[in-house]
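Chain naming follows the written order as A, B, C and D, and within any one chain the residues start at number 1.
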Amino acid sequence: MWNSIGNNFTITSFGESHGKCVGIIIDGCPAGLPITDHDIQIELDKRKPGVSSLATSRTEADKVEILSGIFNGCTTGAPICLLIWNRDIKSSEYEKKRFMLRPGHADFTAFMKYGGFNDFRGGGRFSGRITATFVMAGAVAKKLLGLIGIEVIAHTIAIGDIKVETRQVEEIRENVEKNPVKCADTGAAEGMIKAIEQAKKEGDSLGGIIEGLVLNVPTGLGEPVFDTLEGNLAKALFAIPAVKGVEFGAGFRVAEKKGSDNNDSFIIRENSVVTATNNAGGILGGISTGMPIVVRVAVKPTPSITKNQNTVNINSMEEVSLTVKGRHDPCIVPRAVPVVESMIAVILCDFAIGAGLIPRVIK
Amino acid sequence: MWNSIGNNFTITSFGESHGKCVGIIIDGCPAGLPITDHDIQIELDKRKPGVSSLATSRTEADKVEILSGIFNGCTTGAPICLLIWNRDIKSSEYEKKRFMLRPGHADFTAFMKYGGFNDFRGGGRFSGRITATFVMAGAVAKKLLGLIGIEVIAHTIAIGDIKVETRQVEEIRENVEKNPVKCADTGAAEGMIKAIEQAKKEGDSLGGIIEGLVLNVPTGLGEPVFDTLEGNLAKALFAIPAVKGVEFGAGFRVAEKKGSDNNDSFIIRENSVVTATNNAGGILGGISTGMPIVVRVAVKPTPSITKNQNTVNINSMEEVSLTVKGRHDPCIVPRAVPVVESMIAVILCDFAIGAGLIPRVIK
Amino acid sequence: MWNSIGNNFTITSFGESHGKCVGIIIDGCPAGLPITDHDIQIELDKRKPGVSSLATSRTEADKVEILSGIFNGCTTGAPICLLIWNRDIKSSEYEKKRFMLRPGHADFTAFMKYGGFNDFRGGGRFSGRITATFVMAGAVAKKLLGLIGIEVIAHTIAIGDIKVETRQVEEIRENVEKNPVKCADTGAAEGMIKAIEQAKKEGDSLGGIIEGLVLNVPTGLGEPVFDTLEGNLAKALFAIPAVKGVEFGAGFRVAEKKGSDNNDSFIIRENSVVTATNNAGGILGGISTGMPIVVRVAVKPTPSITKNQNTVNINSMEEVSLTVKGRHDPCIVPRAVPVVESMIAVILCDFAIGAGLIPRVIK
Amino acid sequence: MWNSIGNNFTITSFGESHGKCVGIIIDGCPAGLPITDHDIQIELDKRKPGVSSLATSRTEADKVEILSGIFNGCTTGAPICLLIWNRDIKSSEYEKKRFMLRPGHADFTAFMKYGGFNDFRGGGRFSGRITATFVMAGAVAKKLLGLIGIEVIAHTIAIGDIKVETRQVEEIRENVEKNPVKCADTGAAEGMIKAIEQAKKEGDSLGGIIEGLVLNVPTGLGEPVFDTLEGNLAKALFAIPAVKGVEFGAGFRVAEKKGSDNNDSFIIRENSVVTATNNAGGILGGISTGMPIVVRVAVKPTPSITKNQNTVNINSMEEVSLTVKGRHDPCIVPRAVPVVESMIAVILCDFAIGAGLIPRVIK
């Protein structure tokens, strides 16, 4: 099940960047959830390119079409198939350069793995475009989580060398959709925008860091020893092309901390046990503590740059020089924010259904 | 399948820290692999505590017993059950303090999830002791990988604020078992040892970073879009208690890099396509490039410290002060090195069998 | 993964009888298999209704559309999505009688399970129409099996009280598509046709038995103890609505046999070990012996009959009388033959890929 | 996961007939279930040989040992490992004849699949002895089902040519453990016993049919389209060596029935919808109707017979004559009854947990 993830709320992705469509099947969604294509479209639009000078000027329509599993405005309990028909596709450039391995892309590994049979156009199955299908699944997952009060928010905390401290949830919620870099710190957002524009001018690209938060998590989600919250979230997040690191709570900073500093003291607040700090990122023993889940992912700079690069023609086996044309995002981070949010929502939903927190029929 | 991982080489862990035993089932191991309990014991001994002043002085025997799946010195194709009988167990301290939530441990989440029915003694199912079962599985996986020339090495690259640069493979291979902190840089190892001793004196603990390398990886391992190499490795590594971050190649540093700097140029060496650099950590599109796989995990400082800590008695619901007694590792990093190595081996083996690189019967 | 089956060649079904479409995703198909929509259409046409007076007169177009995973005439290694758009749908009758539970159908269980949210039109997710998606997957599976010489054939051996003995493979192969009841015994086929016509006249329906054969099976397919050939074939075959029994080889007749009569003696033919008889149906210990796999499925009479029936209105909770209108097959057996063939092919293909008999890239 | 079955209540079997032990891991058992080794032993004893002249005279101790997952008399939520140490093992006969393929056994297929590396002693992994592990899992499953009032009963309905009609549940419950053939019809039981004794005298063996019933099933268990009740039950039942057919309700008799006769009319009884008859065997559309689930399995005659048989020496590749010595059951049916009951219980439990009917923590 290479293209599926989830035990109870299972999503199966299909489609290629320049094929007919990209789509997702959701198996295990409870019956009776009211949901329309509009609900899904709202989430999809958050990932839309072309909204600013920072993103690709391609005009992907990206309109969701519901093929199955939703009837009379509600989920039926049957598999939900959500589709986006591909449009505005120009494959000629890819045909011309099909044997020129684009550095940082999956051209080489796909060619080797599939013996050259892979659909190479626009990266095919390895395109960032596939993540649009994750967002559609995330839209359904977020609706389900909303029923039990769980909220997922993602936001940009670094682009290039501009970093921000995590803000209060209220501030994040308010600001994240207000600027094109999806940063809660509006001042830093300005700097990020400038940095991206500068990289674009140089024919280069920038990476960054996205933080995901899950709020109002019930205590007890996650399964030791292998189906941990961290493990399943990480697996889902590494499905996003360009993600090269995932950390929880204090993350890599734990290496430099002492136990006395890293341990979160338990205290009692409003008759509940909580922790005074949250270095654990809301997870102990692979199980949610009830504190906010905090996860951060490192996103690499867009591999498609207009600067000249050295590479290999895999057909002629010659070292060559390559200039990638096309309309590419100089920084993929802002568009990856809703994708990170979606994958987190899918995994949380999977655990919540498994734990019986979301019923099989919603009334 | 919460306690299982792997699609083709599937391991299922069971047992508790202070129960009768800890064990692992391996399902999917090809028939005909010559293996003895001695082969497994060698790996298990690398995780042994009590070898230095840096580790707990408990004398866990940790002797592997083969219960099934191996006959006349070879694997049979049937499930392999490997067991370690628990000994030297003192549970009285745990009985006494069973409701005192140890900060940084899973006491609270386990209590909440299992309604107090969990075996709390020594952390029960959440104990680091469970990782001994991972090492036994890793011993088998490493034998299998050895058949096709794949080598897995892990080593310590940071403890507290002492960090080392990655060394040449030869140096790592030579030095890693020579010092108790499993660091390839013998000079830095001295500093790490001193730092751990100092932390111990203070009743405190230290975290660190472990790097795992996979050498001679064939191109093409890993399955898009969800069963990626990164995703499955990360999921397996987050099963190790104390791991709070996982990154590949340039990892979190990609955030600050430009595309022109982060992209690895393709070049031709000895008639093969390789990359000039390895920021990708040997993985593009979730698939192995043939370059060394490079993964790093952040290990938190041992939560068990003798310093006084604030916490809650979950039974009386009172805030209390806690001193954890017992013989605990002031730094778990060195003992986690063979565990990291084992989990990497298990996942690589899973992919190699799935790809048909290791036959179902070994001749 | 309720709507998925297979470990290595995994199919995921979606869609409803009166929704937009029915479709299937195939995950795990090797790259490089030449396949066209025509290849799939040929198989789909074998299940086509309206070819005779024996079947429903509905004219389902049932044209396959390839949405993903096939590029330049070959599979790419990415998930293959195959779709049939629904046409000729009249749902008004279903709307009118939505609360009238049709005896023998899933109306009641679906209503109870999904709280009435299920798409009830035409049986929705429970319609025999879903099996068209199995046939599309089977078309791909049969192509793959063909590469290693494995052949799957299904044929009708009983309709109502007319039963035939199994014929020679050559005769089956030659005759099965020659008569509308897909029976190798052309004489018996006449009787079956008459029996169906008689049942139709009476507003009634008939059941029957289908036999599936797998030829040229390599020794060694199947996994003990749970992923047996029998177990996985049976699970796949019970996914066909109307199947109420599955047996292998001598099947239920083993109950009356003595061991000395039921055991198949091993003999040597052309330097290979074979069995003199095949009561085992080609399977011992859940693993293929190399003899033909023989499986039989019992198919119940079509539950949709025009005769008056007693039932319940689930809304008003009253006992009522029901006459089912519509164009229904008076005997579903002939149309189920290609479906049985397809499910067998899918499972055999799954095992063959898992065993490494079909490579990941076909050259 | 070849040796595992179940999505929510997953069992993993290991061990060999003449190895150290046979065992089972249960993953997914809710916490807080009171259970002792005595509870499991009671079920295990039902499968015990040597209780009559009808069964093998081997004295297998078959004492359960709980290795993990149960603490202070209750399940903990962690994997439960249950073990039986093998005793009374004489392997010399098997060593001597290891290349003599016993007809009707898995000797040949195991040899071919595992290249001769399989543990051949006593059938190794393919021994009926493995089913003792199913019974231990069944004991836990039955306890869980008991919490929600679901009862599973199996009984013998045919041995050789002696068949009985299904009796009232009360009669079955009362009589099944009263005679050594586990038949509810005490008169027929006499005949069965004689038939078995006669077969034994002749050095031969008998097969039979076992019926399983599930009572008080809630409506709505089972998942279309592949994870159906029938499909999952059948897969589990075919894991029992010697089972060659599985049917539900009217089973293979549906072939001869008309729709008007086979359809079960819906009626109202005590404000609930039930069916007047139960040809569906309690399952429509793969989902439980609330009526008793009725399943029958065909069990082949014990392949081990003392009569002379023709076979092949797989080492010398010669046709030879074989006499199987040893103490074998002349009819395995009675001992398979608790195994059938156990596998049904495991699958029902799996669905009940998945549907949220059994909570994750039992209070």
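Throughout what follows, contacts are C-beta pairs under 8 Å (C-beta built on N, C-alpha and C of every residue); 3 or more make two chains touch, one makes a residue touch a chain.
Please read these numbers as outputs of a predicted model, since none were measured by experiment.
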Discussion item. Taking each chain's centre as the mean of its CA atoms, which one is most distant from subunit A?
Written reply: D
Fill in: Contact-richer chain pair [B-C vs A-C]
A-C
Worksheet entry | Centre-to-centre distance between subunit C and subunit A (centres being mean Cα positions), rounded to whole Å | 39
Item to complete: Give, as an integer number of Å, the spacing between the C-alpha centres of subunit D and subunit C.
Response: 27
Practice prompt. Please compute the C-alpha centroid of subunit B, do the same for subunit C, then give the distance between them in whole Å.
Written response: 46
Practice prompt. Check each residue of subunit D and list the ones that touch at least two other chains.
Written response: 1-4, 7, 13, 78, 113, 125, 224, 360
Worksheet item: Can you list the residues on subunit D that touch subunit B in the complex?
Response: 1-4, 10, 12-16, 19-23, 25, 27-28, 31-32, 67-69, 71, 74-81, 83, 113-115, 117-119, 124-125, 360-361, 363
Worksheet item: Which of the residues in subunit B end up touching subunit C in this complex?
Response: 7, 78, 224, 355-356, 359-360
Worksheet item: Which residues of subunit A touch subunit B in their complex?
Response: 1-5, 7, 13, 101, 103-106, 108-110, 112-113, 125-126, 130, 158-161, 199, 202, 204-209, 219-220, 222-228, 230-232, 234-239, 241, 243-268, 271, 273, 275-276, 279-281, 283-290, 298-305, 307, 309-312, 314, 317-319
